[in-house]
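Order as written gives the chain letters A, B, C and D; numbering starts at 1 within each chain.
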Amino acid sequence: MAARKATREREREGDDLSPAHPLERLIFFSDAVFAIAITLLVIEVRPPHLPFHTSDRDQLVSLINLTPSFTAFFISFFVVGAFWAGHHRAFSLSKHWSPKLLFPNILMLCAIAFMPFATAYMGLNMGQRVPSMLYDAVLMITAILNIRLVKLATSPPVVDERADPLAIARTRARGWGVALGAAIAFALTFVFPPISQFGLMTIPIWLRLSIARAERRANATVRPS
Amino acid sequence: MAARKATREREREGDDLSPAHPLERLIFFSDAVFAIAITLLVIEVRPPHLPFHTSDRDQLVSLINLTPSFTAFFISFFVVGAFWAGHHRAFSLSKHWSPKLLFPNILMLCAIAFMPFATAYMGLNMGQRVPSMLYDAVLMITAILNIRLVKLATSPPVVDERADPLAIARTRARGWGVALGAAIAFALTFVFPPISQFGLMTIPIWLRLSIARAERRANATVRPS
Amino acid sequence: MAARKATREREREGDDLSPAHPLERLIFFSDAVFAIAITLLVIEVRPPHLPFHTSDRDQLVSLINLTPSFTAFFISFFVVGAFWAGHHRAFSLSKHWSPKLLFPNILMLCAIAFMPFATAYMGLNMGQRVPSMLYDAVLMITAILNIRLVKLATSPPVVDERADPLAIARTRARGWGVALGAAIAFALTFVFPPISQFGLMTIPIWLRLSIARAERRANATVRPS
Amino acid sequence: MAARKATREREREGDDLSPAHPLERLIFFSDAVFAIAITLLVIEVRPPHLPFHTSDRDQLVSLINLTPSFTAFFISFFVVGAFWAGHHRAFSLSKHWSPKLLFPNILMLCAIAFMPFATAYMGLNMGQRVPSMLYDAVLMITAILNIRLVKLATSPPVVDERADPLAIARTRARGWGVALGAAIAFALTFVFPPISQFGLMTIPIWLRLSIARAERRANATVRPS
């Protein structure tokens, strides 16, 4: 009995060490910034305020006029959601804390925190060149900062030694999907701005190609015969 | 002494594995989005700013004029709170991570994050058809996305194998309560918009009926004699 | 070695059960709502925007004109901070989950989430009766909802059986401090609104009296000789 | 089987004790406030809304006119990020809960929560004396509250007894970096406001000097020969 209690004591002591586990806190803080940025997106869509006897038709028109802002909201919601999922995927392969994570992580979060501005600016001026370029540029920068952070989180000394090399290769490859899609959208703004955001629809293609390439490479490394 | 330290080391190593437990992070991120959306609701209620020597009466009138916005705030606070409680209930029965959760969860959070807009729009234009329809439509969509997510969280491979089948049946049944109440409210907007939101008051009835039906079914399955 | 591994396995299994520990999630969600409400307070203070060649004097004047909003911000920051500390104190004595916590907790959070509005309204119309009354009424309601929630969290089935009865008595007593201070401030708005918020300064007195009374009572119960 | 279940029960009981670990909750709440304050910074940058046929040039000009707001956003993002990192560093050396932490922590968070206002005010009136002085004063106050909090977190009874004294000395020394940089910037506003924020660029120098001094001292104490 006494031994058992002592064991539990020791276990709790070990537990006590973790309240401020540095890696957990970094992940937690990042989750909170992602969650706030994603939820603030809607704040920038201003609800119309019409007099009481407005006809249904006029109400509908005022709502339809917000389509660009809604579109920008939905695009950004899934873009930020995808970056969160990528962060989630990368850090599920990590295990050790390193102070080297701090700056690249805050830099990436800064780009994410800037998204509500870029989204609102694009939503208010949909189809124009400069707002679309700014939006796509922010996306590209975020994607590049993300690629760098994912690499750090899945490399020594941060990575979990028991993590599957194929999972690491796939997770790193995913980072390129958004970067390439944003680059295409950015290029399209020079041609015809109103359709440029369709460039982001190529992201799934780049994802698939990039992951397939990573898998081929990883297999080649693991089984070099 | 050395052995002791080694044991602690090993224990901490085990502990270290969990900082990024994927299911925990998903739950955490969802909690944060729910919390932000629910707290942002009030931001859309603009406080009146009157000159210093305004009479108490005029101050009261300006406050009473905000009644529609307050009503919309309170309805939405409890609606989002109920969705959070449903998410909480469903995931308390889950145990394993599955990447299949990612997209349905982010889709549901997107509907939740949209609530501050729908709420503010209804509050600013209370009693009109289009804002009420939009609000009820958003509620119905959220409820349907929620039903789907709850099903995923309480099915293999995510569900905890030891979870009580009756608790699962009850949790899934609850999802239908909000969906049906919102559908009634939506239908009422065609008849007489100013009273449509009372349709939401039927939610407790649907909840009870839906849970009772689930219990009957579950009992029939467990004891088929 | 094998046995050891099995033990660790079992421990991790136990750990796996907790990702969605219901009490932890409730606490977490509440913390997030408190944190967001407390940080949103400043959003309602609108920064002055003056032309570039404004004199230092005019800039200072525009800042000094914001004094009421700053005052309201600081009062509310510490009020919400105190409610958070009370929640923190109460739930540090709790241990078991009960679905009965859900509704009283969400009701209390609703009052907290309403604070940014009450604060901004008081800040914009400082010294007037109606805004001060609304603010103090919201405070009183929050305090009463808090007293009820603290009682629930420190009673069976939620309370930790090993919690010190004196600590429970003290924690419950604290709830009365804010309620009484807010009641004094509310009463003062009928007399002379501009000084009513000073009523909140009596909170520490009520706190001390209330805790002293609880301690006397608790001692009387524990040692009835 | 029964024994197995009993063991698990007891383990879970032990686990149940930690949901409301007071130090963890304090850290969590602080992380949330930091995350919200840092993400709200961008909300104060108002996106320009121009008519549809605005030329690219005019769009660019309207964006360039926001440079002061962008600058203020980026400065504050890294300043708040640095304070978070300092909080993170200090509490990674702490282990025990003490109610003495509550007030100094909430005071520091109050200064952090005020940053979005100070940032927006400086951004809207860049290069003017009063906004720059307010910003630098807020920074200095935050830095001083931070130094006090870091000291508390790395002293008994809060500090982890096994924490490296050199790490403690370094962590405490870091607090002086921001304080001195903000003091320089504050002093520069008296000379020539438009360049005063460059004073913040001296932070890394003070950091290095302060850490070097702490290391020399710590070495002198540890090895007094």
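Definition applied: a residue touches a chain if its C-beta (ideal position, glycine included) is under 8 Å from a C-beta of that chain, and two chains touch if they have at least 3 such contacts.
Remember, it's a predicted structure, so these values are computed and weren't measured experimentally.
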Interface residue identity across copies chain A, chain D - same or different by half: different
Most remote chain, CA-based centroid, reference being chain B: D
Inter-chain centre distance, chain B versus chain D - centres from mean C-alpha coordinates, in Å: 33
Centre-of-Cα separation between chain D and chain C, whole angstrom: 23
Per-residue multi-chain contacts in chain D, two or more chains: 17, 28, 32, 36, 40, 43
In the complex with chain D, residue positions of chain A that touch it: 8, 11-12, 15-17, 19-22, 25-26, 28-29, 32-33, 36-37, 40, 43-44, 102, 106, 109-110, 113-114, 116-117, 120-121, 124-125, 127-131, 134
Chain C-facing residues of chain B, complex: 10, 14, 17-18, 21, 23-24, 27-28, 31-32, 34-36, 38-43, 45, 47-50, 52, 54, 56, 59-60, 63, 73-74, 77-78, 81, 84-85, 88, 91-92, 94-96, 160
